[in-house]
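In order of appearance the chains are A, B, C and D, and numbering begins at 1 in each one.
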Amino acid sequence: MQAWSLEFLPLLIVLSSLLPGLLIFTLKEQQVALRTSLNLLGVVLKLVLVYVMWQGVKAGDNYEFRLAFLPGADLILHADALSLLFVVLSSVLWLATTIYAIGYLENSPLRSRFFGYFSLCVSATVGLALAGNLVSFLLFYELLTLATFPLVVHRGTPQSLAAGRRYLAYTLSGGLLLMLGVSLLHLLAGSPDFTPGGYVLPLLATEGALLKVAFALLIAGLGVKAALFPLHGWLPQAMVAPAPVSALLHAVAVVKAGAFGIVRVVYDVFGVEVVSSLDLAWPLLFLAAFTILFGSWCALAQQDIKKRLAYSTISQVSYITLGVALLGPLAAVGALVHLVHQGVMKITLFFCAGNYAETLGIHKIRELNGVGRRMPLTSVAFTLGALGMIGIPPAAGFISKWYLGLGAAEVAQPWLILVFVLSGLLNACYFLPVVYRIWFGVQYSAWPAPQRFSQRLETHWMLLVPPVFTMLLILLMGLFASTELSPLSWSELIVEREFSFDD
Amino acid sequence: MLSFYLYLATAALLLGVGSLGLWRGPELLRRILALNVIGAGIFMLMVSLAYRPVLYGEPADSVLHALVLTGLVVAVSATAFALALLGRLLARPQ
Amino acid sequence: MWPAVLLVTLPLAAALLMLLWPRRARVLHFAVAVGLLPLAVSFLLQVTVSGEQQWFLGNWGPLLAIRWQADGLTTLLLLVSVTLHLLVSAYVGSIQRRNPLPAAFWPLSNLLLASLQALWLSRDLFNLYVCLELLGMVAVALVTLSGDKALRPALDYLLYSLFASLCYLLGVALIYAGYGVLDIPMLAGQLEANWLNAVALTLMTLGLMLKAACWPLHLWLPAAHASAPAPVSALLSALVVKGPLFILYLLWTTLAPAAFLPAAAYLLASAALGAMLFGGIAAIRTPYSKSLVAYSTVAQLGYATLALAFILRFNLPEFVAAMWLFVLSHALAKAACFLAIGELQHTLGARQVEQLKGASQTMPLAMFAFAVAGGSLIGLPPSGGFLAKWALLLGLWQSQQFFWLLALVVATLLSAAYVFRVVVLAFDRAAPTAPDFSPQRLPQYLALLPALLVWVMAVFSLPLLTLLKQEL
Amino acid sequence: MGLLLFDVVLCALLLTLAGAAMLSRQLVHAVTLFIAFGVMMALAWARLQAPDLALAEAAIGAGLTGALCFTALARYAGDAGYPKPKLWLPLVFVAAVSALLLYSVFQIPAQPTTELSERVAEHLAVSGVSHPVTAVLLNFRAWDTLLELLVLLLALLGARQVPSQLPLHAGWSLSVSWSRLLSPMLLLLSAYLLWRGAAAPGGAFQAGALLASGLVILRLNQQLAWLSWQNFAVRTLVLAGLIAFVMAGLASLLLPGQLVWLSWPVALAGGIILLVETFATLAIALTLALLVVGEPEQEPADA
């Protein structure tokens, strides 16, 4: 691999969505073809570049791009196994979501603005994944907030504006806490690159109290985006955004950014050793466990499909946090693989919810009665996603929950198994009735607002392909979990690299 | 020596009187006058300071005199501008 | 000497010529404004390379002469003033057809630049008084350009400003009474901690705080800045209020005896706290968009004042860097804000914040400029405002000021609230305010330019810190 | 002893006049008292051995400020009355502040630091003039003076932005003839003051202010129709002081060996100062006159 590509590939991966995004802003509303091709060009380019980088990282290449930024803290884009996991996830799902969004927003106004911010949002996410130190992470974390805000308020209705205000209130406060934490840590330890095993170990003896403060600030800041209880208030409201936005927000961009940040902070900043010797994991563990149950419990009460999915996200993302907080290798595998699996499953569910809403005008769960016959493919995808969420094999969700359970057993926290079982039951309680209604419910009234998008297919093909594609991913990830290509084996590789420093 | 302190005290009291006028007003014109009284107090302080060497048989401090002269011109300019603004403000149809 | 002299005299001479031949004013103005930019840049480079320079005007040697000094900070301020001057005049030129400012704008803005440059360079207590007085009067004259509605704010501004200069002058007189010296570097370290100096410094500080609109002495600012024409407000908020702040910094970092520093730090810090909180709250509550930006100036100056207070208490390089980074980034960001709001206000015929509904569809560029500049006001990375806040945070952590960290958090949230108050409205699609005429592109781009500059600033943090001679 | 008595009376008078001006019920009284106060100030300057200031104060402080104030006063004719302002709260506060200030000024050491004066005396010989105040103003601290001329110009520019019409009364024949007699004398007197400034009290400001009063008197008596900003020659003269100053500064910077702004070569210093002062006098006179009498008729000019 040539030297320049080692340096510039990470930057190119960020730019491959940023530049098309900026170009799209300047386009006129009617230039549909140009806009679409720019979008797809960006997606394809990014996927190719990510593939090259994946091969490189597997071979042990060290990709790193540096730019002088703050004194003592460069802006670093660095590719390691963990960042690549997130980069691959976001690029693949960006492909699906872009196609979906093109179909979803056909003929709606202000599309240039939408796709512009959409690309910025993905750039920020990828940048965040590649960020090589805390300061760079903070930068992309804030940019992500700014890029997603216009998407949340895209509809411009009073509801979406209110949701946007709340979103900002939460995420900006979170960003601020993160900034406080990052600056404190910068003062204590500087801002070196993320290091497997962390870099604050030398400070453990002298600065224990301040390290605890920094950890709390960082987790609180990240917890806002990861929707940890009690910082989750923005998420259910943000549902007013268009379906592709919700899909992206929940599966990759915002929520996962928080979870990913927690992974980074625990493994690569503080390190398992420091976290356990400062007893920092316990509060996080309890909080995550509570959020899992709380989210599921709230989801039960929701009658709106997207709202139910939103609360389900709150619950599911906390599995990742929980897995991280367990501090064991098996739990870590579970957490990382869940990061991917949950993303793919949740995006499928949101695509389907969007399809129901767009094609038939269905927003409430009771309106789903009998929709399986009208939209079979979408419904199959939805069912598979739901089963995965509950953790039923062979869907991907089973794998991650299995590893999390093993992890809990490994670190001798059997009570957590109880949490998993309880949460699984709750999951079943709020997903199975929906599935039941879809397939076996009797349609009791006409569809609220049916539209005919296609002669042969149940809906527009661009709305149908993405959920089917992600559904296949769910199946494949579940069935071929043991192959080398699967997220599971990649997660195992990451954990091997992370934990080899602690043994 | 006594007169030196007398003038110093007068300067301080002029500042007080001017501040009183500035606070009370009520007319804007009086406030502008009050600012001038304060200015006069400061100039008197400076001129008294310039007078100090005279007490010891030396010539008065010419630098301070020059500064006060500059200050006077600045003060009259500012007053003129303020009065012009005031004039326009009052002449304006309500 | 030449660059320094030309940076002051060129705008001055240009103003005189414009007054003689008003018809040529615009051509002359742009020729000079464009010419000054490379001059300021080369001066900056020269000072960077060969270090601090100073001159005794008239070649009379210290004590007798007025001292000019050009260090990194001064040249940076000179450059920023020249840049914003050029930018704002380009904006005025670009809206000339639509709503021309009175012809007096051209000479007055040149005089404003000249007096600012004179102020940045001067290191003489009395000369600074004359500069302050000059600056105040140009500023008031510029405010009156928007006609009769600005009369009362302008007069109030003038009276407050006069009173403030008199306070300052009294302080100078008292210092002179004790030491017979007006030169600041010569007085450095000389002042004893006695009653007379305490009174003198208090008076000067109060006067300067009144001029710099430090809370609670800010009462004149919102009305004056809101009623001035938008480009003038941009200059006033971006540059004019920074002049007294600069003098305040000079006074307290070089002149004041160490025994006074803690008390002054408390005074300044409480003023800063008030500014950050009440300025922010006022900006959130005001119904008018320009007042919002004006109150935001009050709030933002609070950060710089806070940094100054902590310079006095702890003398960490972080705080010095924070103060001047705040000043620089605020200058650029606020210019962008005022130009953008002015453009929105004029095109949409909207004086109230509520009327900016849907502006992101009708005038995306101007709104984007406002949002980008607002990002720096909030301190989002990677903007200049972030840089400043980062330095301040590091300093506060280092000196373990947990209360002030909390205050900073609250203040930042308040600034986010007032910036996004506008931005959220701009995304309202329900009933967008229709533009009165088709929006002009060039002025909007000109509003965007400083906003982008302030974000670019973040990349140049290291050179900036080198110039400010601060190592973090 | 007699001098002290004079001082006591003068100070008491000053304070009384100022206090009365601030507290009087009617504004017209306030202005009158203020003018009287100005005259007394001039007296005080003379007593304190500041003849330059006495001259300037007499012309600028008492004369021109008074004229300006009366002009403004005319506008208050139709103005509604104001509520009687509070007295005691401000009085108590101000009394406290004054007490503080009194205490502070008594802390001022009676022994002056004379280093700066010595420096002035030392360099007076090479300053080009023999009167120290003029030397400070136009040589040692010439930059202050230049900026101060700018302040004066700005007052005019600012005032021009906010024109307001005052009806000019037709000249009263007696005053017209008197003014014709008076003004050449004023002109002569101011020229003398200017010339004298090089060696003795007097100089550009005093001369300019005196000349300005002559111009104002004539203008108010319907003379000098050319006295308007619109007139190019007038404009040139108003700016002449600054232009001469800046040109002299730049020119001297071009001379070999002169590396610093506003440093006059020793041989030319006297000439340069006289040149600058002459133009400054004209500029000050015209600026002040324009400030007092305003423009005959206004037309807002757009860029």
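Assorted remarks:
Following the convention adopted for this analysis, a contact is a pair of C-beta atoms (placed from the backbone, for glycine too) under 8 Å apart; a residue touches a chain by one contact, two chains touch by 3 or more.
Not measured: the values here are computed from a predicted model.
Centroid distances from chain C, each centroid being the mean of CA atoms, peak for A.
The central chain of the assembly on a C-alpha centroid basis is C. With centres defined as mean CA coordinates, chain C is found 29 Å away from chain B. One inter-chain figure worth recording: chain C and chain D are separated by 31 Å, centre to centre, where each centre is the mean of the chain's CA atoms.
One finds 12 Å separating the Cα centroids of chain B and chain D. Rounded to whole angstrom units, the spacing between the C-alpha centres of chain A and chain B is 70. For chain C, the set of residues that touch two or more other chains comprises 126, 130, 133, 137, 140-141, 144, 151, 174, 177. Looking at chain B, one finds that residues 15, 32, 45, 49, 67, 70, 74, 77-78, 81, 85-86, 88 touch two or more other chains.
By the definition of touch given earlier, these chain pairs are in contact: A-C, B-C, B-D, C-D.
Remark: chain B residues 15, 22, 28, 31-32, 35, 38-39, 42, 45-46, 49, 64, 67, 70-71, 74, 77-78, 81-82, 85-86, 88-89, 92 touch chain C in the complex.
On the chain C side of its complex with chain D, the touching residues are 1-2, 4-5, 9, 12-13, 16, 19-20, 22, 25-26, 55-60, 63-66, 68, 96, 100-108, 111, 114-115, 118, 126-127, 130-131, 133-134, 137-138, 140-141, 144-145, 151, 174, 177-181, 194-196, 199. Residue ranges on chain C touching chain A, taken from their complex, read 358, 360-361, 364, 375, 378-382, 387, 389-390, 393-394, 397-398, 405, 409, 412-413, 416, 420, 424-425, 427-430, 458-459, 461-462, 465, 471-472.
On the chain C side of its complex with chain B, the touching residues are 126, 130, 133, 137, 140-141, 144, 148, 151-152, 154-155, 158-159, 162-163, 166, 169-170, 173-174, 176-177. Against chain B, the residues of chain D that register as touching in their complex are 3-4, 7-8, 11, 14-15, 18-19, 21-23, 27, 30-31, 34, 37, 41, 44-45, 48-50, 52-53, 56-57, 60-61, 64-65, 68-69, 71-73, 75-76, 79, 82-87, 90-91, 93-95, 97-98, 101-102, 104-106, 108, 110-112, 114, 116-117, 120, 132-133, 135-137, 140-141, 144-145, 148, 151-152, 154-156, 158-159, 162-166, 205, 284, 288, 291-292.
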